[in-house]
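Presented sequentially are two complexes of subunit A, the first with subunit B as partner and the second with subunit C.
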Partner chain A sequence: MATKKLAFVVRSLPYKTEASRLALTHAISSQTVEIYLNDGDLVEASISYVGDGVFNILKNQQAGKHYGITTNEGHAKNTLLLDLKVLICKEDLDKFGLTEENLVMDAEDLGGDMRANIVSYNEIQKEMETADHLLFC
Partner chain B sequence: MKLAVLMSDYRTGSDIVDRLSAEKLGIILVGNGVYHAAAKEGGKACPILEKKADFYALTEDFESRGFTADKLDSRVKAVNYGDLVDLIFNDYEKVIWL
Partner chain C sequence: MGKLTIGTFSSLVGSMSLDFAVKLSEAAVKKGHKVDFWMSGNATMLAKKGQKAFKDYSFLSKTLQEMLATGNFNITACEACAEARGYHKEDCPDGFQRKSMDWYLASTFEADRVLHIGGD
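And then the complex of A and B:
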């Protein structure tokens, strides 16, 4: 009977490599892992965007049109349909002059009721410290 | 020499760009290189845009990343794949990829 805490931290830019997309897909798939665990065991995952990683959640990405692939924006939205804590580093948004208006903050249009949280880096640091497994992508 | 530089990264390559010189220098921002044109850190444009060069950014790449042409620095011209081919064949003698 235990809860394993997973912290996915997205720090890389989208598209040139698969790194940030893999963080998102792994965070999403972590929600299904419980079928393989013993009764009572749980997995609690969070996903945090820091540094250049905040560009993964910019709205209006047109990778579908130009590259013929799903967008990281869409993947980010999918994380908000699940029971995942989503954190975005405020200091990095400020550095790049980005605001909530520029970002995927919820998935209301898909019926989701979760919302991403803009927090200070200290909050993300705490999330990393309290995680059993830390995955930087 | 007329040199075109395809720049596909955001965090690496600027040191090389700093040192390059050419009679005609074109810097074509592709892939993650488009952040040099579209992102501002601390409200400041990317330092490589200070370089004496003609700057271009590939529309397909900045649109894929959620930017529009009006978000690009005024020193950068948006080009599509067709324009890029024309640039390489008509305006430059040598091309390098960073």
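And then the complex of A and C:
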């Protein structure tokens, strides 16, 4: 019985490429990974938004209206609904003039009780150091 | 011998990242390591049979088939990513698998190293 920690580090812009969306959907898939593992074994995913990646969690994304696809905002909300650990780099938010008010911080409207954490890059570094594997997207 | 899990998002033509990932896999397999190779997003283009070799474009099919023949190489495409691009089960080359994303995360569980090439 063991748990492997995977740290997804989202650093790419939303919609420009598929990378950040795939980071979120892969992290969400950690919820069903047990079907491939032995009883008691787990894969635990966390998500950290750094650099341009913080734009993935902006509120009021209009991808449905303009492109007819789901939003990264919706996926970000699902990660919180599924109790994944979510970290957002404070220095990068400051750099872009973004605050908590601009971001998806919880999934309360869907019944979730997890909140995203705005933290310094040092905290994200610690998360990466404690992970078994890093996945940059 | 170890196990390497490599995840790729980049396309076959238009980026050299997939070439790098396959080269790296080849080196690892030649040393006797096991490699799980995961293709998601545009990388699923590699899971389309019938590709032809041109001097101007990457052609990785021969290398992949050689690696598959060793028994130490497993190549799997994200089923949803492939279907979204019109690559169906019958388009998949021999020896390739199609699975959902949780297969990739499960593969990382026993991997000694994970290389995730997530750019495009």
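Operating definition for what follows: the second predicted complex is superposed on the first by the 137 of 137 C-alpha atoms of A that agree within 3 Å, B and C clash if a C-alpha of one lies under 4 Å from a C-alpha of the other, contacts with A are read in each partner's own complex, and residues count from 1 in each chain.
As a convention for this text, a contact is a pair of C-beta atoms (placed from the backbone, for glycine too) under 8 Å apart; a residue touches a chain by one contact, two chains touch by 3 or more.
Everything numeric in this text was worked out from a predicted model, so none of it was measured.
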item	value
Three-chain arrangement built on subunit A, subunit B and subunit C clash or fit	fit
Partner chain in contact with A:K95 - subunit B first, subunit C second, else both or neither	first
Partner chain(s) touched by A:A19 [first = subunit B, second = subunit C, both, neither]	second
Partner chain(s) touched by A:M114 [first = subunit B, second = subunit C, both, neither]	neither
Contacts of A:M128 with subunit B and subunit C, given as first, second, both or neither	neither
Included angle at subunit A between vectors to subunit C and subunit B, based on C-alpha centres and rounded to the nearest 10 degrees	90
Partner chain in contact with A:L81 - subunit B first, subunit C second, else both or neither	neither
Contacts of A:F55 with subunit B and subunit C, given as first, second, both or neither	first
Subunit A residues touched by each partner, larger count belonging to subunit B or subunit C	C
Touching partner for A:H66 - first (subunit B), second (subunit C), both, neither	first
Partner chain(s) touched by A:V33 [first = subunit B, second = subunit C, both, neither]	second
Shortest CA-CA distance in Å separating subunit B from subunit C in the superposed model	13
Footprint overlap on subunit A, where subunit B in one structure and subunit C in the other make contact	none
Footprint of subunit A on subunit B - complex, ascending	8-11, 31-32, 35, 39-43, 60-61, 63-68
Residues of subunit A touching subunit C in the complex	2, 4, 6, 12, 17-19, 22-23, 25-26, 29-33, 35-37, 41, 43, 45, 132-137
Complex interface listing, subunit C residues touching subunit A	7, 9, 40-42, 81, 100-109, 111, 113-114, 116, 118-120
Touching residues (chain side subunit A, partner subunit B) in the complex	13-16, 52, 55, 58-63, 65-67, 71, 73, 95-97, 102
